[in-house]
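Both complexes below contain chain A, partnered by chain B and then by chain C.
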Partner chain A sequence: MSPHLSHHWILLDSGLWTQLVRFWTFHDRAVQTAAVGMAFLAISSATLGCFILLRRMSLLGDSLGHAVLPGVCLGFLVNLKKDPLWILAGALASAFLASWLIGFLKRHSRLKSDAVMGLVLSGFYGIGIVLLTRIQRIPAGTQSGLRGFLFGQASAISERDLWVMGIMSLVIVLSVAVAFKELVLTSFDEGFATAIGLPVRSLHYLLMGLTALAVVISIQVMGLVLVSAMLITPAASALLFTDRMRTLVLLAVAFGVTGGLLGLNLSFLDSNFATGPFVVLTLAIVFAGAYLFSPRYGVAVRALRRWRQSQRTQRENLLKSVYLALPAGIEPSDITIEQLAGARREAAVRTGRLVRSLVHRGWATLAHDRVALTDAGRRRAQELDRNYRLWEQFLTEEVNLPIDHTQRDAENIEHILGPELVRELEARFEQRHA
Partner chain B sequence: MPDSIPFLPPFEFHEHVLNLWREPQFHDTATTVLMGFLVAAACGWIGCYLLLQGMALLGDAISHTVLLGIVLAALLTGQVGGAAMFVGAALTGLITTALIEALHSTCRVKEDAAIGIVFTSLFALGVALLSIFASRAHIDTEHVLYGDLGAVANSEAMTIGKLQVPIPIAQMALVAGLVAALIVAFYKELLVVSFDPQLAAALGLRPRAVRYGMMAVLSITVVGAFSSVGSILVVAMLIAPAATAYLLTRRLAVMFAWSTLASGLSSLLGYHVAFWLDVSIAGVMVSVACGLFALAFLFAPGQGLVAAAVRRWRLRMRMHQENFVRQLLKAGAASGEPLVDAGRLASTLGTSRMSAAWVVAGLHRRGWIESAAGPRGGIRMTARGRTQAERLDRAHRLWETYLVEQVGLASDHVHLTAEEVEHSLSEQLVETVDDALGHPAIDPHGAPIPRSPIADWAPGVFSLSKLRVGDRARIVGLTEFPAGIVAALTEPDRSTREVVELGLTLGQDLQVVDHATQPPVWKVSLADGRTREVPHRLADLVLVQLVGVPPGGTRR
Partner chain C sequence: MSSAPATASAPPIEVHDLTVSYDKKPVLWNIDVAIPEGQIVGIIGPNGAGKSTLIKSIMGLMPAESGWVKIYGEPLSRQRRLVGYVPQRESVDWDFPVTVRDVVLMGTYGRLGLFRRPGKAERALCDQCLEQVSMAGYADRQIANLSGGQRQRVFLARALAQDSRIYLMDEPFVGVDAATESAIIELLRNLKSQQRTLLVVHHDLQTAPDYFDSILMLNMRLVAFGPTSDVFTTPILQKTYGGRLTILSEAAEQVAGTRR
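So, the complex of A and B:
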C-alpha cells in the first residue's frame, strides 16, 4: 500500500456518518488537499469539455489520457522518484507527441480519425505498460506509486502538486476566457470563422494543447484510464439544460465539481479505493439525473409532458362529448357513466376516472352516477367546440383542404389553440365575411 | 530484489531467443506465443470489419465495458472463467451498444460523446465493484490494465486427445474458431454491409442486426482475451493489426491474411522482447503491433509515406529535366548555337547546383543530352532531347494560346499556369487543343509554336491542317474522319465530294501560301498554279506528305 494513504486513516475507523461529516467539513489536511485538487481539475476539464463536446472530439481526451503513460514513466526515470515537475513535463511531452501524431497519421494515411486515435491511444498505452512493468522490476520502482496514475489516487497529491495544478488550471481558464468568443465561433461554424479571418488552425491547436494540459494535471487524481470522463460527462450533462455557451460552461463546471467531490468522498471510504472510478460513477449519476429530469431535454420530463397532454386531450374530449350530447335531446343530468362509456366505446372504469377528473377541475358534477356539466365546464366545452370550428374553417378556406380531411387535425388542435391565435382567426374571418 | 538490476538488461540471443524454444522452456514459450497469436488474430479479424465500418470507437468502448460483465459474472458465480463470464460479457456488449444508441437517439448528445460517457461509466462501475468486492472477485486490477499472458502456461490444463491444453488456450481457440467460422459463413454479407450499407439494407441484410451480432461476437472475443491482455490492450489488438493490413491492401481477403501475419509476428516478437526485458508480454505485443503499423505506414508500396515521397521526388525530377531541355532549346535558339554551360543553366532553372547535377545525370541516362566535345565543354541536346523539348514547348505555347483565346485571360497572366500544365498534358490533349484553336503557328507572345510531331495514319503522313505557311507537300490520301475526333462522322461522302470539287486529288503537289486561324482556312497553291481555300473541316481530312519546308523555318 502506498505510504500516502496514511493521511486519511482517521476516516477509516469511524462510522459512515462521522466519515461524511469529516469529509464535508474538510477538517483533515488530506481531504482539503484532495478536494482543492479535485476542484482545480474539475474546473479546467469541464470548461474545455464543453468545446470538445461541440467539436465532436470526445475521443481526444481518452487518447491523450492513455497516451501520457510513457511520459509519466520516463519522467519518473529521470531521477527515479515521483518528482511532480518531471512527471508533468514527461506527460505533457507525450501528450503533445500523441496529438501531433494523430494529426500526422490522419493527413498521411487513408485511415479514419477514430481508428487513428484508437491506434495512437493503445500504442502509447502499450509502450507505457512496458515501461511501467520494467520500472517495477528495478528496486526504486517497486515503491514508486506510479500505479496510482492508472486509476487515480487523490490522497497521493502533495501540496507541491496542488500548486502546479492550480497554476495550470489558471492558465487554462484564462486562455479560454481570453479566446472565448473565437473558440465558440470556431466550434459552431468553422467555415464562417475561416471566412472572417479567425486563425482556425491555431485555435484548434490551442484547444488541443489546453486539453493535453488539463489531462496531465488530472491523471494523478482521476487516473489516465478514465480521465476523459471529466472532460465529456459534465459538459454533456450541462448540454441537456441550456443552449447558451456561457451557461453551458458554468453548469459543466458546477456538475464537474459536485460530481468530483462526491466521488472523492466515496473513494475515501476505503483505502483500497482508487479515486477515478468513483468520480466517474458519480459524474455518470449526475448525467443520468440530467438525462431524465432536465426541465428542457430530460427524457422523463418530456414523457411526463406528453402524458399530461394526452390526459388533457382525453379529458377535454369527454367534456365535449358530454356537451355535444345535449342537443340530441338528452337532459344533461340524465347521462350515466355507462351511457357515456358506450358512446365512446371504452371501458366504464376509464370513463369513470376521466369523469372524476372533470369533477375535480370543477367542470362537472357527479350525483348518483349521473354526470352534469357546471357553468365553467359548459364554457370550456363551448370554447373547445369553437376552436374546432375555427380551425376547420381555417383549413377549408385558407389552406384549401377538402372538408372531409380536416376533422382529425382540428380535433388535435382544439386543445392547444391559445387565446391569441383564436383572436387572430376570429379577426381574419370577420374581415372576410364582413 | 538485488540492487544491481540495470534498467535495460543485456540482450543475449541464446538465452532470450534460442533457449526458449528448447526443452524445458519449450512448453511455456509455445503456449504463450500461441495464446498471444490466438488473441491477436481473433481480435484482428473482427478489427478489420470494425475499421471498415468506422466502428473502431465502438470496439474501444466494448472492450472496456466487458469488464463489468466479467466482474458481475465473477461475483455471482464466485469463480473467474467459465460460461457465465462469456454470457455476462456478451450481454454487457449488447447493453453497451443499446445504451449508446439510446443515448444519442433520444437526446442531443452526439454519438462520440455518448460512447465516451457510456464506456467510462460502465468501466468505472466494473472497477469500483472490483475494488469493493476485491476479496470475492478474484480479479486483480492489474489484470484489467494489462493482463497476464505469462500465466497461461501455468493455468489448469485439460486433455484433448493426447494433448495437454491449458484451458484459456482451449477457450481462446474456440472463440477464434467461432470468429473465423462466422466470417467464412457470412463473408459476402459482411462484405456488403461493410462497404455499402445502403445496398445491404436494400438487399434485406439488416445492417443494424449485423452490428449487434458483431458486437456480441466482439464481446465474447474480448472475454477470451481478457485474462491474457487485459481490457485496455485489447483495443490495440483490435485496431493495430487491422490498420496495418488496411494500409497494405484494398482487398478484404488479403487484408485478413496481412492482419493474421501481423498478429503472429507481434505475438512472437512480443514474447521474446518481454522475456528479455522481463516486462508485461501483452504490453510488448501491443508495442510490436504498433511498430508493425509504423513500418507499413512508412514503407507500404503505393500508399506508404516513403513511396509517396519517392513518387513526388520523381515527379519533381521529371519536371526539372523537362524544364532543363526546354531551357536548352531556348538558349540554343537565342545564341544560334546549341552549346550551353551547365552552371548557368542551373541558375536559370532556379535550382541548386546539386539538383542541377542530378538532373543533368538523369538526362544523360535518358539520352536526351550529350557532353559536347571541345575546349569549352558544356552539354548538347541530342535529337531525341530536341524532340522532347519541342513537344514540351509546343504544349506550353498551345496552352498559353488556349488560355488567352478561349478562356479570355490576359496574355501576361498565362505563363505560370502553362509552366505547370506543360508537364501533365498528354499528347492527345495537346493535339485536341491545337485543333480547337485552328492549328495556330504563333503563340500570344508572338513566339513560334513547334510543329506537331504526331503523324496521322502512317509515319511521315500528316493532315493538311498541320502544315505551315511555305510548306510544300504531296497529297497521299483522304481520311473519312479527322484524326482524334470520332464524333464528327457526318456524311463522309459529302466531305469527299467537296474535297474533290476543290480540285485536291491524289498525288498532287501543293504549297501553303496563307493560313488564317479565325476562322481556320488554309490557302494553298496547286501545282498548276491555281489557289484554293481549304476550310478547317476539310483540311483535317486531307493527308499529305511533306516534300519541303521553307529554309530556316521548321517552326513557321
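So, the complex of A and C:
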C-alpha cells in the first residue's frame, strides 16, 4: 500500500485529541485530498440546493442520485477499471436519461411529478443494483471499490478525481453566478419570467443539468443513496436564518462545508466507515441547531422570547400593584410580601420571587420582609400606569370600543408599547384636548 | 418609451380566431377582438369563462391551438418590451426569500437583457415606482410580511418598472382593501392618461361600468366587445352569465375525450 493511501490508518493509533489535530491541520495528504473534494462538492451542491428547494424539486436530487448507479456500473465495465472519466460519463448519461424520462412521463401520463420521480428513482436503482451484483462476481469487480459509491468513501478519491471535481464545481458556481438574476426570477415567478421573454425552459434544463453534475461529482464521497442530503439540508438550514437570496446561498455553502468537513472527520476515525452517513448526520445536527436556535425562526429562541415576555409582564404587574397600593409619597412602605401575595391571590413564594426580581432590577428594596419602591421603580410604575391609561383612552376614543371591552387589551399592551408609540399617543391626545 | 409602434394604424392588441385548450379541453373558442389604444378595458365573465386564459395566451404563457395574437401589428415575440404583465397574486410563493425591492427590480430585467445586473439607474426607477404605489418605505421588507393589498401594490410597482405601452392585469382588484382598490384605479387612470392601453381581468360587476372605458364580455367565446355603455346592458349580461352555454362546455368535454 502506498504511503498516502495508508495515511488515516495511522490516525487510529493515537488518541482522539491527536486525531482531531491531525485532521484539522490537514497534514496528511489523503486528508487534504478528501477535505478539498468535500469542499468542492459541498459548495456546488449547497448552491444548487437553494434553488432546488425553492422550486419544490427536492426529490429531484434523490432521484438523480439513485439513477446514476447503472451508469456508474457501465462506466466501470468499459475497461474494468475505476477510471474517473468513464465513471463520470456513465453517471452523467444515466442522470440525463433519468431526468429526460421524468419529464417525458410527466408530460405523457396522468402521474404527477412525485410519483414519476419515485418510479424512475427505484427503477434505475434496481437496474444499478443488478449490474453491481454481477460486477461483484467477476474477479476485477470484487476489488473495484464500487460499493463505496453506495454510501461514499472519501478516502478512495484520487488526485485525478479531485481535478474533475474542482473543474465541475467551478462550472457550477460560475453558471449560477452568471445566471443568478434569471434563476431567481424563474424560481419566484415563472409566468412573469416567460412574459418578459426569459428562456425559462433553458434555465430549467440548465438547473437540471448542473444538478446532475453536482450529484455525479458527489457520489464518490457522499454515496449515491445520500447525495440529496448535501443538496437539501444546508439550504433548508439556511432558510431558517435569512430572507435574502444571496445570504441564503452563502449560508447554505457555509453550512454544507462545515457539516461536510465535520462528517469527514468522524468518518476518518475508522478506515471501514463510509463517509456519507457521517456527513448526513452532521448536516442533520446543523439543521437541528438551526431549527432550535436560529434568531428569527428558532423554536427554542421563540419559546425563550415568549417566556421572557411573560416574566416581564408579571414583574411589571407586581410593580404596578405595589405602586398603586402605596399612598402617594409615603415611605418606607408597610407592605409585606404576605399582604401582596394575599392581594394578588397567589402563593407567597411566587410573590417573593417576583419581588426579588424587582430588587434585582433596582426597582424595589426589600428589608425585613417589607417592600419599598426605589425612585427608578416608581418612575417605571408611573410610566406603565400612564401607558395603560393612554391605550385605554385610545381604544375608547379612537377605536370606539365600549369601556368594558378595553380593560384586558390595555393591560397587556402597557408592557409592550415602545417610547415612540407612547409619544405619538400623547401628542394625539394633547392636540385633541387643546 | 421602449420603441414606437410598428404600424401607426395597428391596434395595440389584435386577437384573431384564437382557440386555447387547457389540459386538452378547449376553454376559449375562436376569439376575435382588437383592443383600441389608450383605454382601460375590462374582461368580464363568470368563473371558468377563460378570462385569465385569454390574457395568458396573449402573453404567450399558454400555447394557442389556432389563431394568432399581434401586438401593434407584429407577433408578440418581437414586441415583448411593449407589454407589461401583472399576474394573479396567488400565482407566486410569498415566502420566497426576496425583498420588495428585489421584486420591483424584476420589472427591469426585460430591458436589461440576459445576465446583466440592475445598477443605479434601475434602483432609482424602482424607488420611483414604489413611490407611485405609496410603498416607498417598504423597499427592504421581505415580501412574506406584506398584506394582500401591499402585495398587489408591489406587483403593480414591478409592472410600472417595465414601463410598457400595454399592460395586462390578472384580477388586480381581488382581495385588496378599499384604500388599495382606489389607489389602483387611480394608477390605471394615470397610465391611461399617458396613452397606455390596459386590459384588466375583473370580477366585480358593481364597479365594472365605473372602471372601464370598454368591456369584453367573455364566456368561453366572445359574447360582446365595445364601449361600456353599449355592452354593459342587461341582455348582454344575461347572455354572458346565463345558463345557455352548456352546449359549449359539453362540446369541450367531448373534444377532450377524443384527445385523451
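Heads up, the rule we're going with is that the second predicted complex is superposed on the first by the 421 of 434 C-alpha atoms of A that agree within 3 Å, B and C clash if a C-alpha of one lies under 4 Å from a C-alpha of the other, contacts with A are read in each partner's own complex, and residues count from 1 in each chain.
Here, a residue touches a chain if its C-beta (ideal position, glycine included) is under 8 Å from a C-beta of that chain, and two chains touch if they have at least 3 such contacts.
Since this is a predicted model, take the numbers as computed values, not measurements.
Using the contact criterion defined above for the overlaid structures, shared-chain residue A:Val173 touches neither chain B nor chain C, since it reaches no partner. Once the two complexes are overlaid on the shared chain, A:Ile413 sits clear of chain B and of chain C alike.
By the touch criterion defined above, A:Leu239 lies against chain B and chain C together after alignment on the C-alpha atoms of chain A.
When both complexes are overlaid on chain A, the residue A:Phe188 reaches chain C alone and has no touch with chain B.
Taking chain A as the reference, the larger set of touched residues comes from B, when chain B and chain C are compared. When the shared chain is aligned, chain B comes close enough to touch A:Lys112, but chain C does not. Of the two partner chains placed by superposition, only chain B is touched by A:Val280; chain C is not. Of the two partner chains placed by superposition, only chain B is touched by A:Ser58; chain C is not. In the superposition on chain A, the residues of chain A contacting both chain B and chain C are 239. Of all residues in chain C, those touching chain A in their complex are 56, 59-61, 77, 80, 83, 85, 87, 91-93, 96-99, 102-103, 106, 109-110, 114-115, 117-118, 142, 144, 158, 162. Against chain B, in their complex, chain A makes its touches with residues 53, 56-59, 61-62, 66, 77, 105, 108-112, 114-115, 117-119, 121-123, 125-134, 137-139, 142, 150-151, 225-226, 228-229, 232-233, 235-236, 239-240, 270, 272-274, 276-281, 283-284, 287, 291, 297, 299. Across the complex, chain A is touched by residues 1-3, 5-7, 51, 54-57, 59-60, 103, 106-110, 112-113, 115-117, 120-121, 123-125, 127-128, 131-132, 134, 141, 145-146, 232-233, 235-236, 238-240, 243, 246-247, 274, 277-280, 282-287, 289-290, 293, 297, 303, 305, 308 of chain B. Those residues of chain A that touch chain C in the shared complex are 54, 178-179, 181-182, 184-185, 187-189, 191-192, 194-199, 239, 242-245, 248.
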